[in-house]
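Note that subunit A is present in both complexes that follow, paired respectively with subunit B and with subunit C.
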Partner chain A sequence: MKEYRRIYVVDSPESLPEDHIVLGAGEKASVTFLVFPGVSVDIPVAVDFTGEGAEVSLRGIYVCKGGEKVNIRTDVRHNVPGCVSDQLVNGIAAGDAHVTFNGKIVVAHGAQKTQAYQSNHNVVLSASAKVDTKPQLEIYADDVKCSHGATVGSLNEDEQFYMRSRGIPEAEAKVLQMISFLAPVLDDIEDASRKEELSAKVEEAIRSIL
Partner chain B sequence: MSEILLKINGLHASIGDKEILKGIDLEIRKGEIHAVMGPNGAGKSTLSSVLTGKPQYEVTAGSIEFDGRDLLAMSPEERSWAGIFMSFQYPVEIPGVSITNFMKTAVNSRRKAEGLEPMKGAEFLKLLREKMAFVKMKPEFAKREVNVGFSGGEKKRNEIFQMAMLDPTLSILDETDSGLDVDALKIVADGVNSLKSPDKASIIITHYHKLLEYVAPDVVHVLKDGRIVRTGGRELIDVIESQGFDKF
Partner chain C sequence: MDIQEENKIIKDFTSQEYKEGFVTDVEQVFVPKGLNEDIIRTISRLKEEPQWLLDFRLDAFRRWQKMPMPTWGHLDMPEIDFQDIIYYAAPKKDKDRPKEIDPELEKTFEKLGIPIREREALAGVVAVDAVFDSVSVATTFRKTLAEKGIIFCPFSEAVREHGDLVRKYLASVVPVGDNFYAALNSAVFSDGSFCYIPKGVKCPMDLSSYFRINASGTGQFERTLIVAEEGSSLSYMEGCTAPMRDENQLHAAVVEIVVEKDADVRYSTVQNWYPGDAMGRGGILNLVTKRGICKGEGAHLSWTQVETGSAITWKYPSTILKGDYSSSEFYSVAVTNNYQQADTGTKMIHIGRGTRSRIVSKGISAGHSQNSYRGLVKMLPGATGARNFSQCDSLLIGSDCGAHTFPDIQSANPDAVVEHEATTSKISEDQLFYCNQRGIDPEDAVGLIVNGYAKEVLSRLPMEFAVEAQKLLQVSLEGSVG
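Take a look at the complex of A and B:
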């Protein structure tokens, strides 16, 4: 049985090769990608479940300062019963960055007891930043648990005022908000030192786009 | 008479196109506790929002002097550094930020503004534990996300904890007593009473007399339709309790 774990750190201009993961019975995979400021990139991730009881976790972060084009495509195929997929992609777009998220989930006829979850939350820091998020669910089985949620918004001003009223400067309040917005995406990285290293890199990216 | 800490002159304030405060004059001296009482919609929360610099409110006329400084020219964080604290009527949840991290950032931001080094970790934790114990917050709350999943009473207790941590010169309690049981009310009252000193002051904003049974104000103001319509001593509390706000 394979245990597939992969972390893509995208901090220089490049295109990722299409990551196509095929999971047999009981296999587990986890893919995390992090897109840092200044990088335009296509991120295609496809998952095929071919055996029952398999699980995949897809996690993504992007931080764009302006000028980037980031295209994220996920395509998860529940071909067989009893598999679990969980997608969480959160990102921040500043300047005139353009980000697209196309998240496809297909639950085949007969793939009962499927659990498929997808969330894509986006914060835009400027009026010229653009985010298009398109969840696409095709469900042909009836005994399944599926959910998806997509949001595009700005940083919450009530939170900011609360923090500022405690003496936290506006810029630092925004940094705290953005860290807390992106942190859950790194939650399932098991290697603690790797997680700490990536969290620090994300914080640095956040500070660089303010 | 002690020195004036806060002086509000002819204050008018609006939110959107709606004028809420229609000429407020108020003077608070060091060492005093003032109660501002009034019915819903009188402008009580607008007054506290304007004092703390909430961006949505616009001051259209008047001035506020705090400790000799022009308060209206200061950002919310500068007002905090200068010693103003408000206990929120509706404390805000901040998912993903722990109380420890929140307060450490707050305390060290002020130290930075004062040209001081960040507080040492051990020293900060000692202060944190001491103040949490003071408001009877369980130590495990230090790791909890700010106000997330807190009950109404826990949120208000967290406000008083933050007040104790930041040790303000002027503390403003905006409807802190609403929705509190007697035990939580006593904790809030202890917090306010413990801050009472000759160089500090408090404003207790409430539409109810409950908290004022435990904290004795020196001056009571009645706020109605954006104006202070009566100022007096504690005797006003009894008048309001027995006759409501209609007679003012």
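Take a look at the complex of A and C:
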């Protein structure tokens, strides 16, 4: 039995090759990608389930601060019954960045007992940044659990006020908000030191956009 | 109504198929089959239209000819031969009784439960504009409404008597070249309703249009225009049915709504066109463009739709939120059974500051049907403090149907908040078992559960419509379990 674990750190301007993961019975995969400021990139990830009982987890973070164009595309196909997919992509767009998320889940006819989840949360920090998100579900079987959620918004001012009233400077409060917004995406990384290293890199990116 | 009586009604309904599927035998006037500039001139002449409207139609036709048929819907659309359709059909006027309604037509609407004579209806008074194929045959309570300055009349009459108003607002919300079917409608539209509520007037009764397709081989192209001036309010209802036929019939309507400052418009639809038979033969192709604009500050527009009919539904009632702090809602229940296909949803375009919108869509698919929600929420750079919440739930009944969600969220404002969530579920065996165990048979249990699931939307409908909609849900899902 194979087990995929991939982490893509995108911090230099290059395009990722299309990642196509085919999962047989009982196989597990985990893909995490992190897009750091200053990089325009296309991220296409496709997953095909060909055997029952397989699981995939897709995690993504983006932090943009200039004129970046980031296009994220996920395509998860539940061709057989009893598989689980879970997607979580969170990101922050500042400057005049333009981010698109096209997420797709297809549950084929007969792929019963499928569980497919997808979340995409975006924070728009500046007036000239833009976020377009299209989370799509195509479902051809009835005994399934599928849901998706997408939000686009700004940092919560009540939270900022709470922190500031307790003596945390405004800028620091915003950093804390953004860290807590992005941190759950990294939970999938098992290697503790790798996780530590990437968390530090994310924090650095967040500080750089303020 | 006690429970027994209510159960009897539900029983009656579940034991019959599409009951509006009859044909009325009246003599009708047709224009020849096909579509060209001569046909458009003929329609315009038959309706005694002014030159500007003929020019408007011809311009639309020329644009339509250059447009491709849209294919982006999640629909398996049959080939439509636009030259094989009769674009105008009207019941012949009786020369002896030019002022009266043909008793056959009256019987038809009576049978459909549409009061075309003025009388007290179940939950109060409703003014009705009844449209039969390409013409309006009766509009009730016009005098009562006129006393308040409200204009409610067939579209053709509005063109003759309120030409300036029609000319000012026609195509101001849905431009001629907006899309393929809107352009087609602009070229050949027949009748529909025109409604004008003057400044500060609260419409004293619900207004309603009822559309009936009768003639075979025809299409219906109605056009509705609603204008609500500053501070006015209106509740508008729309219903429709058609005979059962093995061929597909085309229905391409355009509805435009203009809502001025602080005005409030509620637009409710119960769409019950013939859905085709259990094998997917025949049925109406319902390809409709509906759009409203909240022009002034604090304007409010609410769409509520219950879609149970049509072989194919392609419909996206939308709102342009232009006025600051204007708001809009979209509540929808779409039911598909057998081989029906629905691709429906909404567009909320936020332009003004502090605009708010809410979308609640409940899709129910059964049999071999496909049911899609497609929606756009767009926050423009000026929409500071704007907010949207969308919720799309799908319920699947049976393993051969499909439920799909295609939302599109575009935000270009850091102070706008958009939230979307969607879930998919089926009727759980536990729920069914619970009902069965208490003596409710499976079919009724499904009806009960579905009604509960759709309650949030049904409760938004005007009372009379809500009763009809609940019954319709039950009929539409007949035979989908077991």
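Assume the second predicted complex is superposed on the first by the 210 of 210 C-alpha atoms of A that agree within 3 Å, B and C clash if a C-alpha of one lies under 4 Å from a C-alpha of the other, contacts with A are read in each partner's own complex, and residues count from 1 in each chain.
One rule holds for everything that comes next: a contact is a pair of C-beta atoms (placed from the backbone, for glycine too) under 8 Å apart; a residue touches a chain by one contact, two chains touch by 3 or more.
Note that the coordinates shown come from a computational prediction; the quantities given were computed from them, not determined experimentally.
By the touch criterion defined above, A:109 lies against subunit C but remains apart from subunit B after alignment on the C-alpha atoms of chain A. Looking at the shared chain after the overlay, A:71 reaches neither subunit B nor subunit C.
Looking at the superposed arrangement, the partner reaching more residues of subunit A, out of subunit B and subunit C, is C. When the shared chain is aligned, subunit C comes close enough to touch A:132, but subunit B does not.
Of the two partner chains placed by superposition, only subunit C is touched by A:141; subunit B is not. When the shared chain is aligned, subunit C comes close enough to touch A:153, but subunit B does not.
Once the two complexes are laid over each other on the shared chain, residue contacts for A:124 go to subunit C alone; subunit B is not touched.
Listing the residues of subunit A that touch subunit C in their complex gives 109-110, 112, 122, 124-127, 129-154. Those residues of subunit A whose C-beta lies close enough to touch subunit B in the complex are 157-159, 161-170, 172, 176-177, 179-181, 183-184.
Residues 52-55, 75-77, 79-81, 85-86, 88, 91-92, 94-97, 101-103, 105-107, 109-110, 113, 162, 166 of subunit B are the ones that touch subunit A when the two sit in their complex. The part of subunit C that touches subunit A in the complex is made up of residues 74, 379, 381, 394, 396-426.
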